[in-house]
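Okay, so here's the structure we're looking at.
First chain written, first letter: the chains are A, B and C, and each begins at residue 1.
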Amino acid sequence: MITRSEVPLRVITSSPEAILKAKKRTRLSFRQIRTENVFNKSLMIMGLIMIVLVLGILLTLVIQSLPSIKALGPKYLWSKVWDPVQDVYGAWPFLLGTLMTSFLALIISIPFSISIAIFLGEYHPQGWLPNFLKNAVELIAAVPSVIYGFWGLAVLVPQVRKLESLLGVEPMGVGVFSASLILAIMVIPYAASLGRSMINMVPSHLKEAAYGLGATRWEVIRSVVLPYTKSGLFAGILLSLGRALGETMAVTMVIGNSSLIPKNIFAPGNTMASVIANEFTEADKPVYLSALIELGLVLFLVTVVINMIGKRVIDRFTND
Amino acid sequence: MESTIIKSRGFNASFGANHVVKNVNIDIPRNHIIAVMGPSGCGKTTYLRCINRMHELIPGATSSGEMLLNEEDVYKMHPIFVRLKIGMVFQRPNPFPNLSIYDNVIAGYKLNGIKLAKAERDRIVEHSLTRVALWNEVKDSLTKKGSFLSGGQQQRLCIARAVAMEPEVILFDEPTSALDPISTSTVEELFHELKANYTLIVVTHNMQQAARVSDKTAFFYLGELVEYDETKIMFTNPKDNRTQNYITGRFS
Amino acid sequence: MQLESVKYRLGKSRGFQVLIYILAFACVVPLLYILGFIIQAGITKINWHFLINIPKPVGESGGGIANAIVGSILIIAVASAIAIPIGIMAGIYLSENRKSRLAYWVRLSTDILQGVPSIVIGIIAYFWLVKPLRGFSALSGSVALAIMMLPIIVRSTEETLKLLPDSLKEAALALGMPFHRVIFKVIVPVGIGGILSGVMLSIARITGETAPLLFTAFGNPYLSVNLTKPMQSLPLLIFNYATSPYTDWLNLAWGASLILLVWVLFLNIFTKILTRKWKVQL
């Protein structure tokens, strides 16, 4: 006996065929409901995978760093000597190298990034010329880092070597300076594109008020646009910084891979990322490998924090 | 078959803490056209969407009370079964943009994976489009996508899509508010023809429309069902003051 | 006095404008220089033999990068096969659950994952796959790349689906359709443009990645299609041969660089065309 709730379609005639059809339709609906439940659960599981991945990354990094954390303690981070052959591990050369290259790259790239942002956001938002520039900047971000490294090795490094002999510094070519230069180029698009969209968002009535008071173009930019987008530009710079910190290949190829503390910017060095790339497969002792992983853990935490701060700043800016 | 197809007893609906439908008791007779009218925010659309369980799709939306279709509580069945028996036509015509007119009409079958013989499919499409007076206008362009149709034609296509499922009840949520006057009257004419085979519940913010098309009218105000009576009586001799005020245009 | 001060201010404004213009377009110079150099250095190295052969041992001239090309294609294909279904489903989950507590953490995890340096992901894939399976493998490389693809696919799917009008979903549900059919038969077909663009973008992103493959796929001087063994890929080959002292290998690296560059640029341009054609927001 079919109760009415099991008959999805109206049974207009109660002929046996009609009832059979209705029963079949009901069975289909029940099958669909079961599949729907499975599907909904699968969606949630796929979402959970993202959480599991992040937690897994953190957990793996921590667990694999434990041997080094236990053996070396916190002073690992500021110890100055890295000599795996003698079983001496100190991360300071790499922390310093990372800081030097990243900040130097930022300092070099910021004027260019901000200029692009102001040009595209303020002076020339539409037209074929800005489109060309926008595409060119996106292209800079699209070029693989290993190609930057190769070009750097083949072209930039010899030039830097010439510069170094002119300056009376040891002419190695590779070093913190070359790495910072390449990094600066690679990192330009990030602050530029974020900065552009922030500058675009400046409400025109604010600018018009300034123009109405007789301000020049530059004065409007300096006193209205830039202060308004201060936090957005800051977030863009953070984004570029996060990218610079994690960049591996181009840096590895031109930084000289030295574990000594760089004496000046022309000296060779290593960043956290580049030393991991170079020595990971050669780390034959557990503490050696673990010390490298600990660097990876520091890198992970620092980049995550910087990216999160940047995102927070952007969210707050766009929601105001 | 009893003559009452849908009954509500003590029915309430809320959006979180916002109680928008309060204690509705109503009997809707089979093969009638019921208009549901009231000022904006009175709960009429929310009530309608509770009948085919669309209300609960909104996060935080809740309801309580009895909503009976043929003496069975709609909230005790799986929503899929409810919606196979109670179809809906929305305020803005929403044919599926990636499907042809033909496929739009049988979307309820095709998208559900139900395989029908071609003859059967053709029959359903022609039958449904004829029921909504659209067959002659589109019979030569069935394989085209419906984007060239006018608003009124698109809405009739949506009605055909609902009709093709052979539901017992069809709910209309302000079906002509996005249409021009001519399309509006074409759709209103349809209601009379559809009445023979379906029960229609039409929410409208246009009380002239309610007066024109319906057999009985329900007047909602601030979430309550204030008055429910035969349309003629409702509009000539309303029993509640609030109904009187609404009809005479004191508020809208 | 007044007039001079105004002239000065206008001059300053003009001066800054010129400065901004110069600085902005100055960035194009190194880009064009790099592109031009790669093209010029690589174009002479590419010929049919180059594409068909694998690298010869040091000292012998000739040889090619076939193993790297095939390897790249395979690794990327497997990575896509892993990342696309998971990414799209997770994106659907997020677009359907805007406010839930769990969705917040999923979204946060996706954002965090996007910022993880690629070398760290390589480390992770090493410990998750290479060590337990006792050997480098193309599969571990694919997993590393898939992890990098996921955030892009998830976010672009979510953004695309969020833009679709609710009326589409409601029309389908009102016809008694179960949710999975609403998604796959109605929502996804209408939003396929944006979803595909996100997928293409993620592929373009990982095609040039080297760091995640350093200790996973590891590289292979021979042409291999075995996913459980080490495999060569274009970026890996470039890295290894570019840092070697052998001219033959350097030549291979130049040719490979040009191929990789053209491939990545083509993917990016293609994605742009798709995005513009379907007018999507990424």
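FYI, contacts are C-beta pairs under 8 Å (C-beta built on N, C-alpha and C of every residue); 3 or more make two chains touch, one makes a residue touch a chain.
Since the model is a prediction, treat every value here as computed from it, not as a measurement.
Participant: May I ask you to sort the chain touch graph into line, ring, star, complete or other?
Facilitator: Shape of the chain contacts: complete, all pairs touching.
Participant: Which chain's centre, taken as the mean of its Cα atoms, is farthest from the centre of chain A?
Facilitator: Computed centres place B farthest from chain A.
Participant: As a quick test, compute the distance in whole Å between the mean CA positions of chain A and chain B.
Facilitator: 51
Participant: How far is the middle of chain A from the middle of chain C, if each middle is the mean of its Cα atoms, in Å?
Facilitator: Centres of chain A and chain C (C-alpha means) sit 13 Å apart.
Participant: Averaging only over C-alpha atoms, locate the centres of chain B and chain C and give their separation in whole Å.
Facilitator: A distance of 49 Å separates the two centres.
Participant: Where in chain A do residues touch two or more of the other chains?
Facilitator: Touching at least two other chains: 8, 29, 32-33.
Participant: Give the residues of chain C that touch two or more other chains, as numbers and ranges in rising order.
Facilitator: 176, 178, 181
Participant: Which residues does chain B have that touch at least 2 chains other than itself?
Facilitator: Residues 80-81, 84, 112-113, 165.
Participant: Over in the complex, which chain C residues touch chain A? Could you list them?
Facilitator: Those residues of chain C that touch chain A are 9-10, 12-17, 19-28, 30-31, 34-35, 37-38, 41, 86, 89-90, 92-94, 96-97, 102-103, 105-106, 109-121, 123-124, 126-128, 147, 150-151, 154, 176, 178-181, 183, 204, 207-211, 214-215, 218, 235, 238-239, 242-243, 253-254, 257, 260-261, 264-265, 268.
Participant: Give every residue of chain C touching chain B within the complex, in rising order.
Facilitator: For this pair, the touching residues of chain C are 98-100, 165, 167-168, 170-178, 181, 185-186, 189-190.
Participant: Using the touch rule from the top, collect the residues of chain B that touch chain C in their complex.
Facilitator: Within the complex, chain B contacts chain C at residues 52, 54, 57, 59, 80-81, 83-84, 87-88, 90, 92, 94-98, 107-108, 111-113, 158, 161-162, 165.
Participant: Within their complex, state which residues of chain A touch chain C.
Facilitator: Those in contact with chain C are residues 8, 29, 32-33, 35-36, 39-40, 42-44, 46-51, 53-54, 56-57, 60-61, 64, 111-112, 115-116, 118-120, 123, 133, 136-140, 142-151, 153-155, 185, 188, 216-219, 221, 242, 245-249, 253, 273, 276-277, 280-281, 293, 296, 299-300, 303-304, 306-308, 311.
Participant: For a test of understanding, state which residues of chain B touch chain A in their complex under the given definition.
Facilitator: Going by the criterion above, the answer is residues 70, 72, 76-78, 80-81, 84-85, 112-114, 165-168.
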